[in-house]
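For reference, the structure discussed in these notes is given below.
Going in written order, the chains are labelled A, B, C, D, E, F, G, H, I and J, and every chain counts its residues from 1.
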Amino acid sequence: MLFMVNIEVSVPADMPQKDKDDLRTRENARAMELIGTKKMRRIWRIVGQVANFSVWEADTLEELHANIGSLPMYPYMKVSVTPLIEHPGAAAYAKAHGSMPPF
Amino acid sequence: MLFMVNIEVSVPADMPQKDKDDLRTRENARAMELIGTKKMRRIWRIVGQVANFSVWEADTLEELHANIGSLPMYPYMKVSVTPLIEHPGAAAYAKAHGSMPPF
Amino acid sequence: MLFMVNIEVSVPADMPQKDKDDLRTRENARAMELIGTKKMRRIWRIVGQVANFSVWEADTLEELHANIGSLPMYPYMKVSVTPLIEHPGAAAYAKAHGSMPPF
Amino acid sequence: MLFMVNIEVSVPADMPQKDKDDLRTRENARAMELIGTKKMRRIWRIVGQVANFSVWEADTLEELHANIGSLPMYPYMKVSVTPLIEHPGAAAYAKAHGSMPPF
Amino acid sequence: MLFMVNIEVSVPADMPQKDKDDLRTRENARAMELIGTKKMRRIWRIVGQVANFSVWEADTLEELHANIGSLPMYPYMKVSVTPLIEHPGAAAYAKAHGSMPPF
Amino acid sequence: MLFMVNIEVSVPADMPQKDKDDLRTRENARAMELIGTKKMRRIWRIVGQVANFSVWEADTLEELHANIGSLPMYPYMKVSVTPLIEHPGAAAYAKAHGSMPPF
Amino acid sequence: MLFMVNIEVSVPADMPQKDKDDLRTRENARAMELIGTKKMRRIWRIVGQVANFSVWEADTLEELHANIGSLPMYPYMKVSVTPLIEHPGAAAYAKAHGSMPPF
Amino acid sequence: MLFMVNIEVSVPADMPQKDKDDLRTRENARAMELIGTKKMRRIWRIVGQVANFSVWEADTLEELHANIGSLPMYPYMKVSVTPLIEHPGAAAYAKAHGSMPPF
Amino acid sequence: MLFMVNIEVSVPADMPQKDKDDLRTRENARAMELIGTKKMRRIWRIVGQVANFSVWEADTLEELHANIGSLPMYPYMKVSVTPLIEHPGAAAYAKAHGSMPPF
Amino acid sequence: MLFMVNIEVSVPADMPQKDKDDLRTRENARAMELIGTKKMRRIWRIVGQVANFSVWEADTLEELHANIGSLPMYPYMKVSVTPLIEHPGAAAYAKAHGSMPPF
């Protein structure tokens, strides 16, 4: 199953720089793990914002919730989750051509 | 360049069924073309809605605008476009592993 | 999997009464089928509104989308879907008592 | 009487971890009591958020208010309460089959 | 039980004047019945708008829903219902003085 | 003149309990005075929230503003004021029956 | 008593030009009457919109409601009414100088 | 040129009373100056709120910005500015009668 | 004086194509005139939408209102106008370098 | 490529004045650099607010994101980015006259 996840991050402006750096390091490390296990399939930064769109794969809703909650910045996030299915146009393409173009 | 595009479609409920079917056929045909030319990289239907999230690739903003506007359902759409860049976590993954896992 | 679905219905005020009655008959018949197959687990009318909260069960997101879209009033609906998991308090209760009280 | 209750929890990010843990323990203990007395009939966590949908039963509005206010996290909650009645489709099902499928 | 009900009315501007007058006559007649049976305890027009605040009494939520839905203008209304209980300050007053001042 | 007043109270969660208790005591005492002088004609607590609907009577707008501002919790309130007049249905009832049913 | 009134006008784009002109003529004639009787003390057009801010004087709320409702474009208006009192700074000025500068 | 300015003030509840009093004194003194120079033509307090509507006159946009920013409470304000022109109804009145009634 | 103008256009989907074409032709012709007279200094299409950002210059607010209202698509527009002044950073640049880089 | 950027700045009211001044100095210095390199093509202050509209040029989305993020006040900003293309009316003007009037 796929889900579109929109995340806005609001780390307090007065958090010590050292803590911010540490938080960022741990966030990126965890993101790499989630990418490596194909749970976070894609993640993009929204231009000009500390916010992201990401596409998550999950076998269960429990797994999805646990994975989002495992992000070190989770306490500072506003998260919305949108369930996705294949679009008819993409389905027609995949049927005609065997698969979607790699991305 | 990549862009997240959110589309809500509001075809009038009283449009004759034949016109709706025709519109849908042409919409999917155009979507297939945009997928084939790698301009619409991915598109997903939002569960329970006549709405979509899609990721578009474009060399120029003019090209992106023309491609979105070429969708036959465009006059019935509410569209928002969000510019995207690589997320630091994805960049770190790609650097460490050569590329993102195929998707 | 469980999903909370919020539906607001806006049947045009000028639809002939006969068509409204027919639509309502078919809507309730389809709801009964979805209840019988345990896909729509519960549905409640919101007091004072032509709107509902319903809890849906689905094995896949595709099934959920198809079931919501099978409602005869779907073209007149504004729908939002929220994925749900077990709440820790409910989990603790079920663990201690074997199951939740019947409802 | 049944009510849909939507709760968003915003515990301050800088609350000491020990206090957060204590608050959570007391919150779940109180939730178990409310489940056991059939006042909170069902509660689900919203995926990716510190938020819940719950269905409450109450003999009076005073009882409902007292029960919601008895949650230890109440000072950190944004709460909305929606009165519910039986949906015509569910009523028709229950009439035809004696009761709704257990849930 | 008491409920605050906020109603915005949007009768189509192009409805024939005769139909508007008839609708208004029936609306006021039904309001008088609901006042006489003490179901609609108070209703006020919002200054400058075709909108109202009203306080409804009901023994059950089903009764409240049926009464709101019995208003002839119901198909043209946007309705929100807020459950009310006694305020602590009013309770303290009533306890000290036997009852609230008549209103 | 009558006014519907909607008040949401946001006392800081970290205010010392003693100060909260004192504030509440003074708030209720002032509410009782305003009820006794028939300036706050009715006040109801919104179920599940620290919020109220209240109906205020005032000879002048200056009086209304001063009375609302005299509430000890005023610095923590979000207030909206809606001017009210008699509803045509209530007017018709009062004309036919001499007065509204006591409430 | 003074009130700030914000009005947005939405005359249907497909209303025959002759009807629009007639409506506008009657609207301005009625506005002139309301200005002459000092009920509409000031009215300004919002730049770039078919919308206005106006300051109304009224002895009673009933009078205010009747005057707003007497505008020929009332069926096409979205209206909000905000009760106003003297600002402390203006009061201090008037006390020191006898009156506000004419405007 | 005239502008409608809507200001909401949010002085922190925990600001020492002495600082609040001082701020208010300076705010009113500055308001009196702006009234005396006919830059702030009118200002009204919104009933029940720490908010205002005011009408400002300015020869240039730079002057308007400087004058708004000169208010001592500016760091605690949420401000919106709406450019105004003469309303056709007021123009017609002034043409017929020489001027608007004094206000 | 400069103003940022945001325009969303909603031409009815069922307007005959010939009328749409004619409207568009007249819209662009009028835009060219406004550009030529340096009243509309810049206008950009928002990617993926029938909407624009434009920067207008005007000697008076009356002129600005008349120019916006002269656009043939005005009856189908939702318009917002934001007054602009020079930004301190741009002012500092212009002071140091004589002028802003041509654009 | 061009982008409209809307920025609202919320520097904490309790930041020491010296820090505010320093931040402002560095902000303007960085703005001057971005203007000099033609990355920030134009920036205007919104009248009455600590907010701006600015037009940015960028060869890539990465460059745009880096440039916005390089502003010293970035941690205190709420930013929205809107991709822009040439408007048909401006294109027609430029074609007919060789270029847009200098601005």
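In this section, a residue touches a chain if its C-beta (ideal position, glycine included) is under 8 Å from a C-beta of that chain, and two chains touch if they have at least 3 such contacts.
Note that the structure is a prediction, hence the values are computed from the model and not measured.
**Student:** Find out how few touching-chain steps suffice to connect subunit A with subunit H.
**Tutor:** Shortest path length, in steps: 2.
**Student:** So which of A-J, E-G or D-E matches A-C, with over half of the contact pairs the same residue numbers?
**Tutor:** Checking each pair in A-J, E-G or D-E, only one repeats A-C, namely D-E.
**Student:** If you average the CA atoms of subunit G and of subunit I, how far apart do the two points sit, in angstrom?
**Tutor:** Using C-alpha averages as centres, the distance is 29 Å.
**Student:** If you average the CA atoms of subunit G and of subunit J, how many Å lie between those two points?
**Tutor:** Chain centres of subunit G and subunit J, defined by C-alpha means, are spaced 38 Å apart.
**Student:** Where in subunit E do residues touch two or more of the other chains?
**Tutor:** 2, 45, 47-48, 61, 64-65, 81, 83-86
**Student:** What pairs of chains are touching here?
**Tutor:** According to the stated criterion, the contacting chain pairs are A-B, A-C, A-D, A-J, B-C, B-I, B-J, C-D, C-E, D-E, D-F, E-F, E-G, F-G, F-H, G-H, G-I, H-I, H-J, I-J.
**Student:** What does subunit G use to touch subunit F in their complex?
**Tutor:** 1-3, 60-62, 64-65, 81, 83-86
**Student:** Along subunit C, where are the residues that touch subunit D in the complex?
**Tutor:** Per the stated touch rule, the residues are 2, 4, 24, 27-28, 30-32, 35-36, 38, 41-48, 52-55, 82-90, 92-93, 96-97, 100-103.
**Student:** Looking at the complex, which residues from subunit F come into contact with subunit D?
**Tutor:** 13-14, 45, 47-49
**Student:** Would you mind writing out the residues of subunit E in touch with subunit C in their complex?
**Tutor:** Touch residues, subunit E against subunit C: 5, 12, 61, 64-65, 68-69, 75-76, 79-81.
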